[in-house]
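The first chain written gets the first letter, and so on, giving A, B and C; residue counts start at 1 in each chain.
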Amino acid sequence: MTQSLVQRLQAELDAMWLVDPHTHINPHSAPSQTLADILGYHYYTELAHAAGIPRERIEEPGLSPREKVGRIVPGLAAIENTVQYSWLREICRDFFGFQEDRITATNWERLYDQSLAVLSAPGWEREVLQRSRLSGVFLTNDFDDPLTGFDTAFYIPCLRTDDLVFRLWQPETRERFQKATAEEAWEVTSLRRGLAELFRHFLAHGARACAISLPPGFTPSPVADAVVEPLLGAVRHGRALSTAEQGVLSKFVFWCLAQECAQARLPFDLMIGVNRRVYPAGVYQGQDLFDSRCSLLQYGELFNAFPQVTFPISVLAHGLNQELVSYAWIFPNVVTSSHWWYSNIPAYIEPDLRARLQAVPQTKQIGYYSDMYKLEFAKPKFGMFRKVLAKVLAEDFVVGRGWSETQAVGLGRTILCDNTERIFPKR
Amino acid sequence: MTQSLVQRLQAELDAMWLVDPHTHINPHSAPSQTLADILGYHYYTELAHAAGIPRERIEEPGLSPREKVGRIVPGLAAIENTVQYSWLREICRDFFGFQEDRITATNWERLYDQSLAVLSAPGWEREVLQRSRLSGVFLTNDFDDPLTGFDTAFYIPCLRTDDLVFRLWQPETRERFQKATAEEAWEVTSLRRGLAELFRHFLAHGARACAISLPPGFTPSPVADAVVEPLLGAVRHGRALSTAEQGVLSKFVFWCLAQECAQARLPFDLMIGVNRRVYPAGVYQGQDLFDSRCSLLQYGELFNAFPQVTFPISVLAHGLNQELVSYAWIFPNVVTSSHWWYSNIPAYIEPDLRARLQAVPQTKQIGYYSDMYKLEFAKPKFGMFRKVLAKVLAEDFVVGRGWSETQAVGLGRTILCDNTERIFPKR
Amino acid sequence: MTQSLVQRLQAELDAMWLVDPHTHINPHSAPSQTLADILGYHYYTELAHAAGIPRERIEEPGLSPREKVGRIVPGLAAIENTVQYSWLREICRDFFGFQEDRITATNWERLYDQSLAVLSAPGWEREVLQRSRLSGVFLTNDFDDPLTGFDTAFYIPCLRTDDLVFRLWQPETRERFQKATAEEAWEVTSLRRGLAELFRHFLAHGARACAISLPPGFTPSPVADAVVEPLLGAVRHGRALSTAEQGVLSKFVFWCLAQECAQARLPFDLMIGVNRRVYPAGVYQGQDLFDSRCSLLQYGELFNAFPQVTFPISVLAHGLNQELVSYAWIFPNVVTSSHWWYSNIPAYIEPDLRARLQAVPQTKQIGYYSDMYKLEFAKPKFGMFRKVLAKVLAEDFVVGRGWSETQAVGLGRTILCDNTERIFPKR
């Protein structure tokens, strides 16, 4: 009976259209062109690599898409147990009509051809959006993205700021900054003017969020202009900043961004906890990890200083979920946001979601984002979340608390659909 | 079948009378006087505030109880999903006969009037205790509480020591200390005599525990008298202590309290992990949070130094539960104690309880305390715990290990009722 | 239906023969001789002690086995809820034919006699191996173990290196090292030659792993020979090393061991997170605990430096499991290994296993080892794991993902049996 209850709730959740509030979609090339775009998703390359396929085989320069797929396929047998593989299987079955359980040396070329026919058919982008019930897709845009040539009402710009905070001292970043803002940023005032210009540009193109990913050791705090001026001067004169000086500049730029968000009334997505390049010999995008020794206490000063800024928080470590729940439970401007990366498996989604639904106001929870690079992944990833959500709604609310199914579905809609519109309002 | 098994077990657990081993009840005014006492519980004010009600509206000076309720009600819709809201609903339904699912702008005044009739009826205190099956209630008494004017056999005094350990250098605390003990505490001997006097006073009035809440960074260790004398001298002469000096004095007083507990054979409740005033703009009692980066290793020296003192340990962070289980598993004087505050939701109670029942001697587990400020909360809060306990007993012991239901209920009684008497014995 | 599905899967898993990839078995005396060997397992002595039996009673010198059992039995009532007690009950019931639920003051002597008859019967070692379906048992051998006098094809040697890394400066360790290797190790070259000799010796006797347990604060890194020479010189001249110097020497020896493993193509089992002697007054082997504040980031440099060494990782803290999953998910040479000690209870095995099965390649998971000291414990400990494994396979794979039961059983066999052979290959 519970099982059929879960299925009924899931069917209701599956029927809902929604806006995906965080992706890495390239709006100029949103769907996959070949199966290589799908199997090239870092989840498959890194898992296949971890299971024994050398990086050099997977990433050999000049591989055709078909060759690349052929190189990854031998790594799939070892990862059939993973939930990431189940996304792949769902894509192959539901989109490409591939009915076999396994993708093997003997059948992958047939799959490749089938998928190619689907992916290259005219109207596939519209169709995959339709079948995934997506009514909007948030992007992750470099600060110097012109934001032109696509429908910004559907593909919604977000200002991604990692480069500004963590690489502003690099010549390449400075050059991009100068081009994008016409500011040299050799002094604080120029830097601030440039940042303001970026926000103007993004807001003019319908941006609905500013976003950044942060290492576990980062602790935001304000930095005085006078402390930063000599650092910018050093950069100007080509003197390399020490790690400590870089840290100071990072904090400064971060705080400026929060000030701009306050000014612009733009939510500031914080994705907390990633250590970059822990495994530098890993495949592309398969080199980053995390450190559980992190606390949202590091963000206490920030949350207090910017009560007018909404901070949707994603935590990489499952162990931080209780802090996130507790901070969102008392701070009006802290919002829980999805289940990120290494926490994006049902084993962690379920307990994390359960705690959020039990203790965070329902209006302050962004249920899920796909984080996808290609449109085909929205359906299986949201599907995974919807399934867990249906289970928790059934067990904790319908059975556990005597809610009607209608009420439970309503709560599901709130966190899956409505809150995205509420928390990232259109201008 | 499992569901009806759970219900049978829960019915048995619900029927048990028990002593609530930790509350903040004021024995001179134990039940709520109006609905404002119930909706004014920090869980509702902080959640409503987090959901958007300004603190100033909730805490405006001079509000009548009715007005105060009217200010909080608009915040309830957003928190209907929370387990804390389910306590409120249960109180309204079971105590006040309010049948509606939701408390809204249009029905709250009726609820207010209904509840007022119940709460102001003569004998309500006796009735709510009866219906909550409470046979005793532990208090949280300031060190200078006279402990008179109430039945200390039912409302059991506990010496709360946060002020002594963390605020002894403040003039107000010193004045209270001097009044309560007739000791100036300008020297270590006087301080020690004063502390001994407090224990005598509390023991004379039937106290059954000493208690304190501690920040995540606290690490108890002994401090030599000679180190403390100059600090007390500084306080005497009005010199402000540095943070480091305060820390030394805190450790010293804490260690003295443990010595007094050893002398008095009084259990020392440690509630580990709260950071005070992380969100200073929050509502009253809705400003504190925690930091997961904490370990019971910080208490190793204490547990070793005082084998004759029982330490019932509450941890604020779910992430510390495994350490707590493991420490209680090998240290005879470490006892697990309830599910505290941010860990007091089924999402964390269930896994934490499961681990304790699987690996800590059954005689060393205090199943639950309500932590309530008003009597009406014992029933829904213990009810929530009993429900989780019934589930774990059913799944892990009856189904999982083939125990009889009688055995399982017996284990439930041990941790819910018997251990409180065993661990905090009457004198 | 799910319940009977779980039972069917469990029956299949129960039927599988396997090699136990980590134990503390003494191959010269592998089964228990009396019930004292069983009740003397530290799980029972430490839990009974934690429940109130004084250490001095349990460990009084000169106790006969029967007396020792008589001393521990009074502590059993308090720990009947623990999963460790359920292992004991299973042993008593299944091996000794003892049908009573409880072991009490009035029946234990009968149990003692029954068990003695079984344990002293000729062929018991063969029988208990048969009934436990063990086709091989990994040992934990001191570095100076001669490795003779037993069948190393069945009782498989493993080089345990804690003494080398953490006690090399102690005279007793040096003496053993000198005897075992004919090297004085007064200089780095001699130390390295000695270590190489140990590996030669172990490999010659069929060793299939090198192993070590590590404290939570340990962070491996390479140390230059020139830094170590003066430390070895100091040891030679009887100067005590400071804690910091010991730490440097530990790191050096550890790194040398990793180099030897690379040379020998031997997996290096890392058991991460134990603090020794946190409770020095505890019973034998019941004094160690852990500190959750630990991260696999501490091992990043090691994993990168030795891509050719497989590191099966056990973590003591449940809170580290997500890091372990994530590291195994991208690092080819990181393998998840069993559920260790304080994490070896179903409350932690289930969520940890669930995450591993969802996100780590199936070929990189060592499902379980018993860690036993006496053969009788393999059956109940593996039985506990098989039960949890059956539940997770049923819920997540058969029901959750629509796998056939055959597929699910296959995944179970991979992590329970096949991977041990794959990851620790015979030479």
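Methods note: a contact is a pair of C-beta atoms (placed from the backbone, for glycine too) under 8 Å apart; a residue touches a chain by one contact, two chains touch by 3 or more.
All values reported here derive from a predicted model rather than from experimental measurement.
The copies chain A and chain C differ by a rotation of 120 degrees on their C-alpha atoms, rounded to the nearest 5.
Interface chain A/chain B: under half of the residue numbers present appear on both copies, so the contact uses mostly different residues. Measuring from the averaged C-alpha position of chain A to that of chain B gives a distance of 39 Å. In chain B, the positions touching at least two other chains are 293, 319, 351. Contact residues on chain B toward chain C in their complex (touch as defined above): 293-297, 300, 303-304, 307, 319-320, 322-323, 325-332, 334, 351, 354-355, 357-364, 396-397, 399-401, 411. Interface residues of chain C facing chain B in the complex, by the touch rule stated above, are 3, 46-47, 49-52, 78-84, 86, 275, 278-282, 286-287, 289-293, 317-319, 342-343, 345-348, 351, 387.
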